[in-house]
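For reference, the structure I am asking about is given below.
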């Protein structure tokens, strides 16, 4: 239904299946969501994207739930429907409560409006905000 | 230098000064950044925006640093230069380390690329991601 | 300073000068703003863009000031700095008062936040909003 | 079907119902569109958003139809599907004719293309457009 | 199902039919896609848009397939679902192979992420990139 | 002047210098543009971004100039000032003529306007454009 078909396990090459298997192992589930099945039309792009996201979203100085909420924030601002759905679901799976979701929505809405105002008013950056 | 002038304390009406004073009190600093001085051209809009942001950014289910990093993420995705500067500075003031900043950048970059891919491929939302 | 140089009257071809002259005649001023001088690097694109904008912004079912404020609204949402400047100035020249500017800002800010919320919540369109 | 469920009247808390009742009273209709039912998952966000939009969209220096068309313009530039639907419907309900809609479309299309050109050419803002 | 109805051949005015006929002749097909049927609600906008796109997309210094892939790239970055579908299909019809599609996707994803990083870091433009 | 400082060769760690050296070798120049010097604040992000872009922009089914123009198109639609500058310069260095630049601008402008129209009209995707 998209601009490419979805690659089923049956239709997948060995290279694609290896990525699917790693997704399943890392996430502890058999489920492969449509994004990866669409991306699998280009095995090299699938592999590069998965390898990178696995690194970026791993626990670090920021915890995985914070990273997932940041992902939602960017996805919403970029107007990506699929991503709004998939990363909101992922954030819930990582422990986002209804209160946290409400505050996430409020921050996104607030930032969206002051972003627009700062752009409309063409506010000049204060010197104090710039790094030398 | 913007599309409106900046309102100095001297030129401010009593209504505007009252908001400036509250900004100073809440933030514990005398400094009023240009965004508020530009917005002060419309005292009602200044007051409404400040009252709302004060509520939204207060500690809650999410801590203030997480909220500030979410603000950066939205601002970057919306391409707001002023906001990228001001909220990165604010996040640092609230304790964002260089490691956290690096991970914030990596998540924003990752989300931007998968947002683009999901949109390009027009990936259909998996049923499991939808709320009933 | 841009990605192309600005074409001065002296450097302009006859085709470019003809467009510059028409801009001057329609606007009743000798001033040609940088946008047109940049676009003049491609005379055909200059001419096509000017001919179309002249038609679109002419008085019609919507008056020119309303059209100019719509132009500001789109420009801000698209994050175009130059356009925020040039069309805010144009709206003022066409009679936008400080009160109107304040309300324009408020609507842009309001729309930006509910746009973000509707996208974040992936609200399904009500049937009543759809045309048959 | 969204990232949150829709709150029916039956499931609504007293706080939510009070907002729904005010929406009905202000608009003179029993119908509550999905945006508000989705937002009602967070009663505080629902109330803050409704109270603000009621103020912003009230008649003022700009008439309600102009405000509604500005809302459409921002919504389209932000790529918000739901909002394009709901605010086009609202503009029609406030008197937007087919001619006005056609001109609204033409201005949005025109601005979108010159926004892109000004960004691509990185046109420097003319001094005359800047406020001191 | 959109914000306007689709104009069938039966409902089309002579002015609209003339554009539909030209679309059919230029493309060598009887099929008129929904975009043009929606735009036909405003015959003048339909005609202006078609006349311009016919010129812009004609072979020139860039070949039609390159132009079509550029169109896909812009459409994806602007988050236009319809356009992602229609121009991906058009690029395939003009000879885009699976390898080319994969590379197009990779470039779009790459640009999206470095765009975000450059905006987040507010990188100052190197003098060498500016035209005098 | 950005949200981070620029890392000079003198201040660079061995890890950063190794990336800078590879950039110099691949591009056949001593010059390191600001983007990489800003990114170097996070050596891991610098390395991951450079390694990926080197792969993505290499000759393949699409030639490097086409890839560079696609990069410009995405950067403009995303409103990235730095990227519009740097990738326009790169496209010129790879052989983009004035004619090609003019056509690139025209396609970007055209796509931007039909993107906006398709979103405003909420045109439903034709079945023929969807992959099974």
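Going in written order, the chains are labelled A, B, C, D, E and F, and every chain counts its residues from 1.
As a working rule, a residue touches a chain if its C-beta (ideal position, glycine included) is under 8 Å from a C-beta of that chain, and two chains touch if they have at least 3 such contacts.
All values reported here derive from a predicted model rather than from experimental measurement.
Novice: I need the common contact partners of chain A and chain F, sorted by label.
Specialist: B, C, D, E
Novice: Under the document's definition of touching, what chains do chain E and chain F have as common neighbours?
Specialist: Of all the chains present, those in contact with both chain E and chain F are A, B, C, D.
Novice: Count the touching C-beta pairs: is B-C or A-C ahead?
Specialist: Answer by contact count: A-C.
Novice: For chain B versus chain D, what separation do you get between their C-alpha means, in angstrom?
Specialist: Taking the average C-alpha coordinate of chain B and of chain D, the gap between them is 21 Å.
Novice: With chain centres taken as the means of their Cα atoms, state the distance from chain B to chain E in Å.
Specialist: Their C-alpha centroids are separated by 33 Å.
Novice: Can you work out the whole-Å distance between the CA centroids of chain C and chain F?
Specialist: 26
Novice: Two-or-more-chain contact residues of chain B, please, as numbers and ranges.
Specialist: 1-4, 45, 48-49, 52, 74, 76-81, 84-85, 88-89, 102, 105-106, 108-110, 112-117, 119-122, 129-130
Novice: Treating touching as the only link between chains, describe the layout with one word: line, ring, star, complete or other.
Specialist: complete
Novice: Per the contact definition, I'd like the list of chain F residues that touch chain A in the complex.
Specialist: Residues 1-5, 48, 52, 55, 129-132.
Novice: Would you tell me which residues of chain C are touching chain A in their complex?
Specialist: 72, 76-77, 79, 81, 84-85, 88, 105, 108-117, 119-122
Novice: Using the touch definition up top, name the residues of chain F that touch chain C in the complex.
Specialist: Contact set of chain F toward chain C: 79, 81, 84-85, 88-89, 98, 101-102, 105-106, 109, 116.
Novice: Residues of chain B touching chain A in their complex?
Specialist: Per the stated touch rule, the residues are 1-4, 31, 33-35, 38-39, 45, 49, 52-53, 56-57, 60-62, 66-67, 69-71, 73-83, 85-89, 97, 99-100, 102-104, 106-126, 128-130.
Novice: Where on chain A is chain E touching in the complex?
Specialist: It is residues 3-4, 41-42, 44-45, 48-49, 74, 78-80 of chain A that touch chain E.
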